[in-house]
Amino acid sequence: MVNPIYIIILSLATGFLLSIIDKAGRKLSLTVFYSVLTFNVFVVADWLYRFTVLGVSTLTINTAGFKAPLSINLQLGIYESFVLLFANLVGLLSAIYLIKKFKESNISSLILYLILIMGVNGLVMTRDLFNIFVFLEILSISTYALTILTKNQKSLSAGFKYMIAGGVASTFFLLGVVFVYYFSGNLNLEFIDPNSLTNYGVIAIFLLAIAVFIELKPFPANGWALDVYESVDSGITSVIAVVNSAGIIFVFYKIMPLLPQNLLNIFGIAGVVTFFFSNLMGLKQQNAKRLLGYSSIGQMGLLVSALIFTMNSPNKLIYVIVGGFFINHLIAKAGLFWITGIVKKEKINDWGILKENKFLLILFGLLLFSLSGLPPFPGFWAKWEFIKLLVHGKMFFVVGVILLSSLFEVIYLFRWFTATVKNDSEIEEKIPFQFAKYFSTTVIVGISLIISVLMMRFVYNFQTIHYLPIIAVIIIYLLDFIPSKIKAILSLGAVGAYGYYIYPLENNLQLFFGIIFIVGSAINLIATFNRKKLSKGFYGFLLMMIFSFGNLLVAKTYLEFFLAWEFMTISSFILIMRGKRAQKASLLYMIFSTAGAYLLIVGFALAPSLVSNSALMVSIAKIQLPILSTILLAIGFMIKSGSLGVHIWLPEAHAEAESDVSPFISAILLKAGVLGLLMIGISYVNNTPTFNMFYWIGWIGVLTAIVGAFLASFQEDAKRLLAYSSMSQVGYIVASIAILSHLGWISALYLSFNHMMFKSALFIAIAGIYYRTHTRKMYEMGGLIKKMPLTYITVLIGIIAISGVPPLSGFGAKWLIYSSFIEKGWYLQAGVLFFSSAVSFLYLYRLIHTIFLGQLKYEHQNIKEAPIWFIIPQYIFIIGIMAISMFPNLIIQPLNSIVGHYFNSTIAIDGYNITSSLGNWNGNMVMLVTMGVFIVPLALLMLFNRKVQTVKQFNIVYAAERPESPQTTHVAHNMYAHFRKALGGWGKPRIWEFWHDSAEWAHTFGDFFRRIYTGNGQTYILHIILYIVVIYFIMGV
Amino acid sequence: MIFTLILGFVLLLIGIYGMLSQRNLIKIIIGFSIADTGIHIIIVSIGYLRNRTAPILNSAVDISKAVQQVVDPIPSALVLTAIVIGLAVTALMLSFVVELYKKRKSLSIDDYQELKW
Amino acid sequence: MIKKTLVLIAIVGLLMVFWPLMSNFEFSQNLSELASNYVRGSVNELNTQNVVTSVIVTYRGLDTLGEVTVLFLATVGIGFLLGKRKGKKRPASELLQTTSSFLFALIVLFGVYIFTHGHLTPGGGFQGGVVIATAFLLLMLSDVNMKFNHTILQIVESFSGAFYIVIGIVGLVLTIGFLSAEIIPLGEFGKLISAGAIPIIYSFIGLKVGSELTNIIDTMRGE
Amino acid sequence: MNILIKIIYAIISVIVAIVWGLTLGGIVRKIYARVHGRYGPPIWQPFLDIIKSHGKRVSISHGIMFYLGPVFRFGGGLGTYLFIPVIYGSTVFANFSMAGDLLLVMYFIFFGQLGMALGAGEGGHPYSPLGIARGLSQMSTFELPFSLAVIAVAIQYNSLNITTIVAAQQGGILNWTLFTNPFAVIAAMISLLGMNMHSPFSLVLAPQEIPIGPPIEMNGSFLATLQTNRGLFGAAKLVLFMNLFFGGATNLPIMMIKTFLIYLVSVIIGASFPRFRPEQSFRFFLKWPTIIGIISIIFISYF
């Protein structure tokens, strides 16, 4: 063990002597320099280890041979060592990152850097107010000087602004210090008794606090910081953003006990305000480093408010929340700033250069994910706990603001990410490889991953199954060099194994969804066997998604469920993003999913704690969700299931995703939302509902169905058409869940299963066609029935199954739904559903006609049937559909028993005849009769038809003319123009416009507010002074 | 109400006013150091006790009753440090200005706002 | 215009912030407990006549170390910032040249006196250092093209700083505490050789400050 | 054995329906002719048409789907008819109504239309998809008031089972839905105009614009099958309406009279109105009949 004061001593001594040492050559001085930095890290790490593991008690170091308050004393406890460890670590890594600069530039830079780090250590450890001031100045002055490590106009003026602002702040701090001394007669934090202070004394404390707070860059008094972030060398920027901030936030933490609660709360609010505005203004930002600047200012605000609002909560919580935000911000910011230094592109649109460099891209992605608080990174846990805390504290407004701001942050971060990955501009220049820079960035990312795992393991002690999604990604990533076929087989095996592993499920509802999720995925996975070459990174995320589906079912707590949910979002986002032109699509998907996720957080936070230790789907029956929580959860889940109003991500995602990914999204991912909604329903029916919310959900579902059907009918793109059809179908499901009756839920589950099968089949069929024709525009196809008969049969059966025409399974769904609606007394809703199912014929016919019937195009004269890997899964699903059409009991029977857990059965099943309170349906008999009425005319026709002459294409009675070309003869484009015309104003995409406009508004506001940063140093000072005055009067001290 | 304290605060305000109203970089720095000086005066005047002598225990004071006879030594100690730090910051600011002037031959703060928004 | 009013508002606001501090201020009647402890301590424990010195150098030694560091930082920073510069100069007047040449030694001597007697009389390392620096300033003024041997400056600067810390460490090693003054006998109250390590520390500080300020001035004047 | 008898019964009832349906068609053409001031074809003309079409030596086919189109169509007609109990209390005309309820019938109507649409589609003639597009759109629009009416009926009799519905209307003309639930009947009858595709709603076959639309490529036996179906399907629809709204029928003559009268309504309107443009027709159905349908539901569930 080393006395931590040696950190200060050694750094100082080295600092003093370094210029002399340098005379013996830069090599030597660099060696000394780095060894001192490393020494610091080890000392602190050693102490942290002692405090946490060995439970050593906090260490106090007196100087000058006197005890405090006579002399200045330092203190190193668990918090100090924690903060210092990360500050020193980042300090070291940043120094390594800067090694090239340090080799070239003047020795002074090393001295300044070394003393900067020393300053932070002193700042964190010292317990004397005036000494804090001194170290603050040491820190600031060294930073000021280092801002011009790369000397240019910009960094100079930014540095100057920084100095002026810092100078003003420290002036106030000094004033505060002396007045605190005047009122309390002491300068040592332990010996200043806040209660002894008169209310003038509070002013002194206020001056202290506000000065430190200014250093924490609150909105709007933070223009100088932005300029610094934008213009200063990346290595130094990360030091400023991380090391300095860490030190200063810790100072704030140290003086917090002196502040009265009401003042603290206002600072907390100010932090939240900062978080909000910086993210709002970030929306409009194009310069990468300035964007990060905005983000880190925001994060500091969040950190401050977290620090304040968690003050009186148990330690573990403080560790998770404050520590989580702290580490998250620190690591992500350092890493990202370094990457900006590596990429050396100012505008975020020029970052396409990064997509050539996979390794760096992955680091970039991981850092962005962690910054946006996605699992498994610390920020995720912190956010979860923090929101929970605030919700329990009834601080709903703060919760709302924080979540909205985080949403903004996610928007601009992921816009950046997608713009980088999907950048289609031709890039010839390469990113030069600089070991030191890569090294630092890699290490920091590694650390964050390790911390994440530690948190999952030791804070929340999850079992393996909850990491499984990540493990899958990692394993497949390691195996990425082997051909995709083998990976596909492995994945199939993995899915099977996983299914077997979770198989004994607690109840049949889980089992049912298990079949949809796992078995459905497995069959869909066959279609991916058609992938050529390596298809890097695909199977990892596919498995991640499938496993997360499964984890949703076995999750025992809210957190486990939400974790699985987020993993599902991440993986599906990345899968969608793999599509060629999927930037907008994936971004939209991410934004909406995040919004949904935030609603879920709040919803779960409001929910009462679970009573039993069984899977959430089961145990949720025993608790009653408060109404607000129910609403939030419902909206959250309905976003995922693409309900009307929040559906606009859905068509994009389905259409732009790779064609063998779309089936997963449409057929399975949407069902996750259904599952969630069903869970709410379970808790809702088992506990006396307070107000009939599901009535409205029902209406939303119904409207989703009709609107989806119409939109689908007006599409030209086959996949968009199917996407909207999924939306409409899920609308049916949602509506019938909302009925909350036995028949209703049977119909919901029946339709879910059915939809899984026919939508998978159809999407895979379209995938096959796209694979052959390379187009999704339906009017560019036509007449393919001759070329792809097998695919045609799939589509035929698929659309019959959707349309609900007897005898196929679709009719069962329709029968159940209408019966349940009329039984429930939702007559108008039933009418609308009738209408939408009639409208669905429009798009269904359009789908099959424009692709398969009509005139074959010349360019398709000699294309082949879809590859076998597309055919196999299609036909597996077709067989399934046929089976349950022929023998409905196969599914109705089990569903009857499953739903029987929640409602008393209202249907009688004898033989194949199912009788509801209203009518009956004998699927088997219908099938037989249908066969009869089909075969008889066929036989007759064959009998009467003496001579059938099959003619070639174009041999048609066309006013005795031969039509000129398929394009003009094939009626396909804008097929239902007249219907659109009939709809008139109702045909406008109002919802899309709404979201578009609100996005516009947000950006406009952001742009408006950021105008206050005129770039004029004087204005910034004015901001600071006014800020101080305003806060003073708000606090009314 | 004590004159020196008032003086200190007045200087502080004047200094800040100077920083806010003057366009010239040098003048802004002068404003800063005026404000700084103001603070120093405040510190010293806080340490002062009526009709007592400096905390130097030479023949002028009776060692045994020193506590009743000398003014508060702490502010004097603090002010020394404060002054030095102020000097350091001012020096650094000035050298920044020198460099800025070299780059763009202008001392008006309005000419250095290319970083904004 | 808007800006002007805002500035006015800011100033008035600040005035209102400070007002209660000013209006309700009166001198405290007797020393704070801490202060009185210092006064007693510097008599009984440190044998230091100048209480302020004892506070600066010992009790709040860490501040002073920091203070030295800040000055050091400024020097380094300015050096880093300005580097070597050229500037046109005009020769100094006859009068100045002659006076400075003999004043120089006196001033330096005075400076040394100030920091060696820091523990007895008003003054100390900083004041002394500044005085010394002025001596060099005078030289520079009088002889515009005079060059300093920067290595010597640097060595003085670095080692005085280093020794200051070493003395601190000695205290630490003797487990009295970092920067303790009692590492050597305290001597007799009120004599030049008293107050333990204080005069030594103050001398190092004096040297350091002197060399640093000289350095700053030199960098700023350019070559 | 039992099933065999059922099948025989079914065949009988189907034949009766076809004959009656075709005859109705003949009568209607006569009426039209008279309204237009022509002499008009003989009543048995439809039969002659069918025989003639079958007599064609060759019949052109464009592929399997094209071949199956008419089959689907006829099958749809057959099915629709066979799932309706034609005559209340008769075993012969009970058909296979036990297989399902009103919903089944309503959805089986689509069976034929969809199949035919596919067949016509493969024909590759631009007019067929045009006609189909119009047909589907119009169908979706008149389906709305019709379904509302059906729901109203279901509410009224608390059943979707046609036999039950008919049973509830027995005993006195005033028990007919026509009088117990007039709005529903109005809405339904308006949509019947659409279903029968007489002007003003004769968009699909619109001879002047898209000469007979979908079946344009159909000839020979294909056409014959369609013509046969036209009779059967027409009858089926009328019987359904009779059962739902006009008290059903206890014997054949009553059935014939009622169906004829029901048909007459759309014929008269058809004879006296010019054709709508497509969007006009769609708007029409989405406006008045729908409102009436909603009124009927409100009426039946709250009064």
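Think of it as A, B, C and D in the order they're written, each chain with its own count starting at 1.
Quick note on the criterion: a contact is a pair of C-beta atoms (placed from the backbone, for glycine too) under 8 Å apart; a residue touches a chain by one contact, two chains touch by 3 or more.
These numbers come from a predicted model, not from an experiment.
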| item | value |
| --- | --- |
| B-C or A-D - the one linked by more C-beta pairs in contact | A-D |
| Whole-Å gap between the CA centroids of subunit A and subunit B | 51 |
| Approximate Å spacing (C-alpha centroids) for the pair subunit C, subunit D | 107 |
| Separation of mean Cα positions, subunit C and subunit B [Å, integer] | 15 |
| For subunit D, residues contacting two or more additional chains | none |
| Contacts with two or more other chains, residues of subunit A listed in rising order | 130, 134, 137, 141, 144-145, 148, 179, 181-182, 187, 1022, 1025 |
| Multi-chain contact residues (two or more partners), subunit C | 7, 10, 14, 21, 28, 32, 34-35, 38, 60, 63, 66-67, 70, 73-74, 77, 81 |
| Interchain pairs in contact, sorted by label | A-B, A-C, A-D, B-C |
| Residue numbers on subunit B that touch subunit A, as the complex places them | 12, 16, 19-20, 23, 25, 28, 32, 35-36, 39, 42-43, 46, 74-75, 78, 81-82, 85, 88-89, 92-93, 96-97, 99-100, 103-104, 109-110, 112-117 |
| Subunit B contact footprint on subunit A (complex, rising order) | 130, 134, 137, 141, 144-145, 148, 151, 153-154, 156-160, 163-164, 167-168, 170-171, 174-175, 177-179, 181-182, 187, 226-227, 230-231, 284-285, 1010-1011, 1013-1018, 1021-1022, 1025 |
| Touching residues on subunit C, where the partner in the complex is subunit A | 3, 6-7, 9-10, 13-14, 16-17, 20-21, 24, 28, 32-35, 37-38, 41, 45, 58-63, 65-67, 69-70, 72-74, 76-77, 79-81, 83, 151, 154-155, 157-159, 161-162, 165-166, 168-169, 171-172, 176-182 |
| Subunit B contact footprint on subunit C (complex, rising order) | 4, 7, 10-11, 14-15, 18, 21-23, 25-32, 34-36, 38-40, 42-43, 49-52, 55-56, 60, 63-64, 66-67, 70-71, 73-74, 77-78, 81-82, 120-122, 126, 190, 216, 219-220 |
| Residue numbers on subunit D that touch subunit A, as the complex places them | 54, 57-63, 65, 67-68, 70-72, 74-76, 78-79, 82-83, 96, 98-104, 107-108, 110-111, 114, 117-118, 121-126, 129-130, 132-134, 136-137, 139-141, 143-144, 147-148, 151-152, 154-155, 158-161, 216-217, 220-222, 224-225, 277-280, 282-283, 286, 293-294, 297, 301 |
